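Each chain gets a letter, A, B, C, D and E, in the order it is written, and its residues are counted from 1.
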Amino acid sequence: MSEALLEVTDLIKHYPVRAGVLRRQVGTVHAVDGVSFALGVGETLGLVGESGCGKSTVARSVLRLVEPTSGQIRLEGEDITHLSKTALRPHRRSMQIVFQDPFASLNPRMTAGDIVGEPLAVHGLATGKALEARVARLFEQVGLRPDQMRNFPHQFSGGQRQRICIARALALEPRLIVCDEPVSALDVSIQAQVINLLIDLQRRHGFSYLFIAHDLAVVAHISHRVAVMYLGRIVEIADKDELFRNPRHPYTQALLASVPIANPLAKKLAPLVDGDVPSPVNPPSGCAFHTRCRFAMERCKTERPALVEAAGGHRVACLLNEGTGRPL
Amino acid sequence: MFAYLVRRLFLMLVTLFGISIVIFFLLRVVPGNIVDILFAAAGYVDPADKANLEKELGIDEPLIVQYWHWISGLLRGDFGYSYVSEKPALQEILPRIPITARLAGLALLFSASIGIPLGVISAVKQGTRLDYALRVVSLSGLSLPSFWLGLLILTASVAMFGQMPIFNPNPQTWLEAFATYAVPAAAVGFRSAALTMRITRSSMLEVLRQDYIRTARAKGASDAAVNYHHALKNAILPVITVIGIEAAFLIGGLIVTETVFNIPGVARFLVEAIRWRDYPIVQNLVMFIAVVVVFANFTVDMLYAVFDPRIRYTD
Amino acid sequence: MAAIDFDVELRRAGAHATGGWRRVLFMAQRHVLGAAGLVIMTVFVLTAIFADFIARYDPLTVDSARALARPSLAHWMGTDSFGRDVFSRIIHGARISLAVGLGSTALGGSIGVIVGLTSGYLSGWVDLVFQRVSDVLQALPLLVLALVMTAALGPSLPNVIIAIAIPLIPTVARVIRANTLALREQPFVEAAKSIGMSEMRIALRHVLPNTLAPLIVLATAQLGSTILTEASLSFLGLGIPEPYPSWGRMLSESAAEYVRTAPWLVIFPGIAISLAVFGANLFGDALRDILDPRQRG
Amino acid sequence: GEPKQGGILRMYHRDSPANASILEGATYSINVPFMGVFNNLVIYDQHIAQNSPDTLRPELAESWSWSGDNKKLTFKLRQGIKWHDGKPFTSADVKCTFDLLMGKSQQKLRQNPRKAWYNEVNDVTPNGDFEVSFDLKRPQPSLLAMLASGYTPIYPCHVSPADMRTHPVGTGPFKFVEFKANESIKLTRNPDYWKKGLPYLDGIEYTIITNRSTAILAFVAGKFDMTFPTHITIPLLKDIKSQAPNAICAVEPTNVSTNIIVNSTSAPFDNIDIRRAMAMALDRKAFVDILFEGQADIGGTMLPPPQGIWGMPKDKLETIPGYGPNVNASREEARKLMQKAGYGPDKHLAVKVSTRNLAEYRDPAVILIDQLKSIYIDGELDVVETANWFPKVARKDYMLGLNLTGNSVDDPDQSFYENYSCGSERNYTNYCNKEIEKLFDVQSQEIDVGKRKQLVWDIDKKLQEDVARPIIFHARAGTCWQPYVKGITIMSNSSYNGFRYEDVWLDK
Amino acid sequence: MADKSDLVLDVKNLKTVFFTNSGLFKAVDDVSFTVKRGETLAIVGESGCGKSVTALSLMRLVPDPPGRIVGGSVTLEGTDLLALDEAKMRAVRGNRISMIFQEPMTSLNPVMRIGDQIVEAVRLHRNLSAKEAGDIAVEMLRLVRIPEPARRAREYPHQLSGGMRQRAMIAMALACRPALLIADEPTTALDVTIQAQILALILDLQKELGTGLVLITHDLGVVAQTAQRVIVMYAGRKVEEASVEALFASPKHPYTRGLMASIPAVPASGVAAPPRLNEIPGTVPSLVRLPKGCAFAPRCPLAIKRCQDEYPPLADWGGGHLAACWRAEEVAEVA
């Protein structure tokens, strides 16, 4: 994990808020507000955070599916932030994404085989019989039957659809796969199938994953390192074990404490944070979390904490304890 | 909001400018001009006379110059003179506008007040006999040529009452005025109502399957409340769009109805003016229609915001 | 709860109608009106194609001896004042009326699709320009355009088709554009981008097929209205010229003079027009239902 | 009963005339509503259907007299007549009117379609306020006929031609009130009309209804007292009769001939054989049967008798090729001519038949095309918009054309010179035959009516044999009015001259 | 078994079918369960196994077409809902039984003010003036801890955040203090902190009002923390029912066991995560073409010949622990 496959620096993405038939801009969503991280070869970086905090936006910016407002994205050392669409096209072979919503990301009017084969066709990697054979292999790899290639997306179950998406992402054998909540809609048994597949593939081919999920257990299972986002910013990033053992940011702590344990005898749920998620259109001043933080101080309302190293490789953005967060 | 209106107004002007160019040059592309026609009707031509007349009317000048005369005149409020009647174009156009406006308004009213409720019913009862029946009736509204429907109405009224609703320029009573417009408006409105009904139906079908309709039912709301209070309000935007398009269309598109019912409205006048190549009338009238269309679109956009709180025009 | 015969319900739901004709029959049963529309349209199209074989008389031959004959075995729909066989004229008229209907819908529709797709997909200044152009087209009254077109180029079949097609363009373009704007944001379009597909290919392979449903509904509705527009143009003397029969002209001219004395001159072309419009719309309605994913279950 | 004073005559008008100036017009759409505003020097008796030299009546002129050499025509004018604006009428007004028509005055008519009528007039000179005389280059007895036409009202000097288009001022029984294009034309009674006690009507209102079905329905429903004159086709007449059995309808020739204009300047119709063949292929009776249910007239250039004064008698007519009773024999001959010209069953001649986009033009053209099939000619209809029709014809940009020619006065001078003399602007076919043209002048100067008729018949026959402009038929049309409308007479050999309406009254 | 009088809901042999173009299938097949006053019953199962349809069937809101309830009974406080006419049913809906739908974002009417939507629910069942109902609405919003409830009541759904919308939905569902509340995956799209808030809220209100709760969820953690009893569904059928403790302690159906085994755990200090998660091999069969016997048999490690031929009956394996498996006894041992 020495060399960085992907390096994201100061990524900012603002969306205009538009309304009306004429799509006039009525405001700005600060979807991603200065995010930096690096991802090594064969590494998995987990990305968690509440819904709407900008995880998907980070994911899509990395692939230049949305144009970042500012910041830099380097893939294998090359700055791809400003490459033209055409210049970018060859790079698409080395990075792929599994979308948050598998059904929506499959064209309802194409067969599963066509969908999975399309990347190969587009890059001219295979045609005719060869293409078909490749697609069949991909199907088998993700645990689908080749005879299902002729089926349309709506004829698959949620988990199968997710696997079609994965097969499509794998077709080009990319070095980086961004997985945006690939398992959120699945029940645990299917979820387990998908996760196992991803881990197997990583072992075999050395893929790197940027893995986004709500389910901390899943993230914990698959990731080497984990980043926690809150309202467009990374508030904490550390090795998995370190993060789960010593969460330093009050939000991370609240997250961990809120995970319901699948054991009726274990302690009952008690919400650790209260209040509502602030809107990314008008983010709170200072530390964005101060509106919900139990430990908020006066200066949290005005001062925005930077992401700083609190311990070996453990970075946190919190003003408590001279910027090292609150140890448990 | 203010900035938005300014922008909107600017775009309207751009559109109107485009239309002025299109209509001006389109008319010039058509062979024959008023002079040709006058001489054709007289069955002879004397080149000198012809040249004189062309000069008198100013149609011998280069097109650009003519265009400039027209547009600069418009900006000064000078609409020119009709070639045929030799009266000021404005004086010819203005009295016809309220006639068409009343007719179109009544037709729209008719179409909305019939089309929307029937559309709702048909959507709610989708797949039932009532739905089939309503759809068939509405389709027949769309499949009758309008001149045919108009003649049918006139013939039937003469045959049954020995009377016919022919246009009366000076209605004495309110009732008479209504009668003058109601029948042609109904003839137009039938088609319009059919269209409105179909749009309402399909839009309602879309909405009726939305989750919040289910929520309303889950609250125990009655069918009427669900259909009209919850669903229709959400389904109304496409309907408004169509009514807006119809409104724009009705201002310039009632040629056949105006002909059959002999209503001295804008559309028939426009056709006559085109036949005579009466450029000042055609150009100004088309500009007027364009203004109406553009404003109809604008009104529709504004209505969107009224009906859907998510839409707010600010800039 | 009423008892349910599962087998009956199964059959009603088409569980046995798995392949080929059975499936077609099943769909026809489910969409009776749509099937009727399809049948009507097919009959008309076939009629138009095989007009020469079906018509029993030359539609153009004038014969003073048999003018204004009532419908009879010899002349199923009677003859007109020129002694021409109305049935044969309607059969041949199908050619013109359908050519106008299909031709102008296809022409206006395809240009509208191209404009709408480009405008919606590329957005930016292309969109702005295209939108203003379609504003302009929309603001020109249809019949003004038709008048100007036919006056400029003469009332021939292609010109009538073009004249009727032009106002269709902004309508279709608007619908397709709105759809494209929505589709452009769909994850599957993004997915196509992410594999490095060119914009053109995305527009054609991913966006276009998904706008097909509203397009078909719009097109069938327009098909009907173009036939009516031709009739209206004929009424104003701007339609397809004599001697070739178009339904619109047959109706509009006879309507003036023969409503009472020879009603068959009015009734039959009227029925032909209404039936065609009706058929197209019924078919469109059913397509709408069939293509509505929520109704497919 | 006795005529009654009062009431407004309600009529519909078939279309919106371009303007109100009769002198500039060339359609009876102007004559019908505006003739009542004016007076002529002389006028055809409004209650005798057939216009003829015998029915000429004085109007603004009390009397007229020819000089001994028949080259000077002097009118004594009525005194004490006032224009509608109160100015007195004098001989100067007559002079002004004819100077306008001859193109001699300062002010010009926008268009002057009947300038050629006065080709033989040297000058019009007033002698004092109430006498005026016309100096002719040569005798022309038909001049009176033209002066009596509804097309020749006297205009006032003091109103410009432009004003006459929008607000005509005359001396006639009715005053102009308003003309709303596409809507209505209104006239009101002239209380100071010089014929005491006239007019009976308080006014006339024309509602412009362009759609014939609507118009007729409105008449049937009693919205109108009278249809637009000669606007009812024969099939529609039946319809009216069945719906309004009390209506009184008259069917009369309109003196409008439907004819074929042949472009003899270029192939293929520069070949006289093909022209003849075409003329011989015509089955005129079929046209008349189909379009008029038999009620129209077959003749030459001049309207056939009995309504027409100058038309050839039947026996003479039938000697012309193509007019004979045996159509098949005639077509057989026509085919031979075609074969001579190189066409036959295997080699058809393709021809475009141009015509205007109006039913009156299109319908006969359809029949024509059908008939031409019998002589190996494949016709295709080419409909032309009004605006382009005349320029196209003038350019000789056509092969065959189907045309309607209206004759405002039933006199050979009007018809021959206009349509057949070399170089005339209305001679669309460019037919030019110097010998015949000499004959035109001969008949024109002939004072004896009987002799003139013989000359005219010979000319007419020759014109038909030359296939200059084959006449197919002379149309008839109907006019209907409610039974209480009295004093209407429909002219039987012209539809331009009978609309003074000063003694029309309503028996209500 | 429970005391009858204490029963809020008694569902017996519920059967709901869908007629679709691809065929007819039983989305809910012969499902029975009960809910007591103040009790929480969780329904879990594979995605697409019929949980939501079951819930909708209770409300009689199955979209028709294509769906229809074809059998069984739903007894709410002694009345069989399926036998009521539509008008009577309307009086029950939103009043005695109400539901929080799976997608709160789309379940609020976008063109109506939040307050009005709650007011409507109240006034439909209580004879109150608009003013009084308005007060109740604001009160309900306060109860679900929406700050500034009076102002929020006048706003439209799009002006609220996702969490607030979800709470507004809850407020609306509880406005008439129903005897039974159905919550269909009320927290799927939310992060765990918000999820915890909302669940706590529902449980509080439930306790306060004595409402019976049917909670549908994928998250077994949530089940463990909130429910008293659980039913497990597979391919339209109930395959297991037990108290939450019994179920987590010893599942009696191989599918349930598979589910339990698949749950990943947040790593606790010092415990190494297993390299692979357990998974149930194979995929859910298509509901249109279900196998003749046990629907789970093709994926079941314990499947025997009998499973393929014969659907196992739902049997009581002690203490009200029901499971539909021939080899229920062995399930726990295999684990």
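Here is the rule we go by: a contact is a pair of C-beta atoms (placed from the backbone, for glycine too) under 8 Å apart; a residue touches a chain by one contact, two chains touch by 3 or more.
By chain, UniProt protein names: A = Dipeptide ABC transporter ATP-binding protein; B, C = ABC transporter permease; E = ABC transporter ATP-binding protein.
Keep in mind the model is a prediction, meaning the values are calculated, not measured.
J.: Using the touch definition up top, find the fewest steps from subunit B (ABC transporter permease) to subunit E.
T.: Minimum step count, subunit B (ABC transporter permease) to subunit E: 1.
J.: Could you work out which chain's C-alpha centre is the most distant one from the centre of subunit E?
T.: D
J.: On a C-alpha centroid basis, what's the spacing between subunit A and subunit D, in Å?
T.: 90
J.: Based only on mean CA positions, could you tell me how far subunit C (ABC transporter permease) sits from subunit D in angstrom?
T.: Chain centres of subunit C (ABC transporter permease) and subunit D, defined by C-alpha means, are spaced 47 Å apart.
J.: Could you say which residues in subunit E touch two or more other chains, in rising order?
T.: 22, 65
J.: Quick one: which residues in subunit C (ABC transporter permease) touch 2 or more of the other chains?
T.: Residues 151, 255, 259 of subunit C (ABC transporter permease) each touch two or more of the other chains.
J.: Under the touch definition given earlier, write down the residues of subunit B (ABC transporter permease) that touch subunit E in their complex.
T.: 127, 209-212, 214-222, 225, 230, 233-234, 307-310
J.: Enumerate the contact residues on subunit C (ABC transporter permease) facing subunit B (ABC transporter permease) in the complex.
T.: Going through subunit C (ABC transporter permease), the ones touching subunit B (ABC transporter permease) are 33, 132-133, 135-136, 138-144, 147-148, 151-152, 217, 221, 224-225, 228, 231-232, 235-236, 248, 251-252, 255, 259, 270, 273-278, 281-282, 285, 288, 292, 294.
J.: Note which residues of subunit B (ABC transporter permease) are touching subunit D in the complex, please.
T.: Residue positions touching the partner: 30-33, 36-46, 49, 52-53, 56, 82, 84-87, 92, 151, 154-155, 157-158, 162-164, 166, 169, 259-262, 264, 268-269, 272, 275-277.
J.: With touch defined as at the start, can you tell me which subunit D residues reach subunit B (ABC transporter permease) in the complex?
T.: 16, 18-19, 24-27, 108, 110-113, 162, 165-166, 179-184, 207-211, 213-215, 217-218, 220-223, 243, 385-391, 394, 425-426
J.: Subunit D touches which residues of subunit C (ABC transporter permease) in the complex?
T.: 60-62, 64, 67, 81-83, 150-151, 154-155, 237, 241-243, 253, 255-261
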